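Next come two complexes built around subunit A: one with subunit B, the other with subunit C.
Let's look at the complex of A and B:
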């Protein structure tokens, strides 16, 4: 009867060869390899201070008949550490999600159990198929002063641990970053850039729950960001850009009344409009072309004018 | 309800809603500041949890998205009338306990009380625009505050202010819902199907 045996890293493990006596002649194999006698005490297999590499399948055969007397799967691992739990509402007022992870691997299977209590009421946390370590809770009540308490318990064969979070409804509201950020030069305006974006698609009702935005921009040649907060609308014209310099631009969002700012959006780059370089023909060419007869046209050499106006 | 549908009524409705939103947002900001002053001056722990306080209208709402415009206004009005009484009681208690030495708390409380009264009046205007009779206030004499120990009084005050802060946010949302729909339309709002 093959079963799984879980042992902690560093433990000493003794395996009996099924019902065989201590002094019976046996052969132990691990993952298809003979185990030498130094690990045996009679018919018992002794594994000292096991480590992860000793996980595997172990078989014990009766000495002469090679009858399989015992087999087990040894899984070496560690008990779970306190899990890291995070809850957030990026689709307010529909609900919020909680996600979790373990700060370090346990090398053996873990099971997670989450409970969400609001006042005296236990709420259902619908687990996502993917990602696995995440579940969703639907708000049954809005504008409540009663705090939510979320407790996550992780269990494996070697131990158990838990963590909990207590928070207000408003505190965890954090939208996703704005989407489809676009920045364009404004023709004939060497110091302007037009930036537009969209509400994050995960935010269900921007009309009833409007977002405000924070725009930051800087020329690539500088480290210092410039910021502007916009209480409505999803576009803005930068009017103080350095002419001819490439800019990097990002936007963040926040509910108008509650919660915290989103992460920054994906960065976009743009360079303000610059005048087309004029074609300048030098004086020599002009005199030559006028004196020649109707010979074939010689295209004059071009000289690029550096626009002194540029930064 | 013909009066409610005229263009001027719509304009007035929109104006009242947006002014109401600004009032509620200002009130929320001031109540948040007041809460900080209250907690500090009363020597309370900001993270202390306060059970539901009797007589204080809870802002928490189930199926909020499905409420009609009139329900929103009536709920808001009832709440702010109650807060007007509660804040007046708190102000009285402060004067009794600390006299003029109530530092910032007294003036801050009085300022919020004024805003609550103004907001209640604003809600009455909106209700009238909806051609709805404003519900009469219950009796002239407000109910006497319960006999409480000093600490219980402090906790009660904290509960009142916390609930008022939540109501201020709710009112902003309610008024936005109202602003989406003209006066006289008490249709439930579309958010329900998406919630």
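Let's look at the complex of A and C:
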């Protein structure tokens, strides 16, 4: 009979060769290789202070006939530590999701069970197909003064652990970052940059639940960010950019009244408009142009002469 | 003042009150002391606390509210919350805290009047008298100090939640009621 045997790292493990007597002649194999007699006590296999490398398939054969008398899969692991649980509403007011992970691996399968209590009512946390360790809860009511309590229990063959979170509806509201951030120079304005973005697509009802935004920008040559908070609209014109310097720009979002700021958006780069070089033609270039005009070679573009007056 | 401006003013006042209450509630809960000022304090809501108008509402119901019903719900809630808050205000020992509570009550009174202004500018009647059954005699005084503090805790929490809900309510109204159009409509009906 083959089954899975779970043992803790560091445990001493004894395996019997099925129904064989203690003094029967047997051969033990692990993952296809013989186990030497030093690990045997009669027909029993003794594994001291097991470690992860000793996980595998173990077979016991009767000495002379090589009949398979016993096989097992040994899985060496550890009980679960207290899981890390996080709940967040990035699609308010639709609902919120909770995601979790273990602070360290257990090397054996774990099962997770989550319960969500709102006042006296238990709510269903619908498991997401992906990512795996995540489920979401649909709000039935809004503007509740009663806190939500989420309890996550993790169990494996070697033990069990749990953690819980208690929070108010508004405390976990955190939108996703703004999307489609675009920054463009403004023609004829060497100190301006036009930035636009969109509400995160996961935010379902910006009309009823408007977002406000935080814009930060700095020239690449400096470390210090400049910030501006915007409570309306999804665009802004930077008017104090250093002429000719490349800028890095990011945007964050937050519900107008509750919750916390999103992470920063993807960074975009832009450089303010700079004046095109003026074309000054001198006598030398004119004579050169006429004498070579009959040849197929085209003269190189006239050397740019900076117009001191610009910007 | 057109309805649009009136709604905008009410919205701004709501945001101001929301901001004010955040610090005031923190100070007051510290005044009440543990466990009321602990972040994870999550007491059951006793029957007494049910008298305070609850902001909790079914999402679809809230979305489907008519402008009149939305405004009336706000008006009724703050009218009652103001009464309770005034009751709170009278017993606080700390002078500075009592002063801040008094100031907040005045601002909240301003919100009630502002909502009334919006309703009348939109041609809606004000809800009659305090909504809900009148309090049975003697029931308002809490039997002991702890329950009194529990009442205060839930009152502040409900008020905070109402202000947050109202900001969404008035934001919604702002977008539905452009300033100019409404004023025009009122004039053609001989107001």
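In the analysis below, the second predicted complex is superposed on the first by the 279 of 311 C-alpha atoms of A that agree within 3 Å, B and C clash if a C-alpha of one lies under 4 Å from a C-alpha of the other, contacts with A are read in each partner's own complex, and residues count from 1 in each chain.
Basically, a residue touches a chain if its C-beta (ideal position, glycine included) is under 8 Å from a C-beta of that chain, and two chains touch if they have at least 3 such contacts.
On a predicted model such as this, the values are computed, not experimentally measured, just so you know.
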item: Clash or fit, subunit B versus subunit C on superposed subunit A; value: clash
item: Contacts of A:207 with subunit B and subunit C, given as first, second, both or neither; value: both
item: Touched partner set for A:149, first subunit B, second subunit C, both or neither; value: second
item: Touching partner for A:240 - first (subunit B), second (subunit C), both, neither; value: neither
item: Intersection of subunit A interface sets (partners subunit B, subunit C); value: 93, 139-147, 170, 207-210, 256-258
item: Of subunit C, residues touching subunit A in the complex; value: 15, 18, 40, 42, 45, 54-59, 62-63, 154, 157-158, 160-162, 164-165, 167-168, 171-172, 175
item: Of all residues in subunit B, those that touch subunit A in their complex; value: 25, 28, 49-50, 58-62, 64-65, 159, 162-163, 166-167, 169-170, 172-173, 176-177, 180, 189, 191, 194-195
item: Contact set on subunit A toward subunit C in their complex; value: 93, 119, 139-147, 149, 166, 170, 207-210, 256-258
item: Complex contacts: residues of subunit A adjacent to subunit B; value: 93-94, 138-147, 170, 204-205, 207-210, 256-258
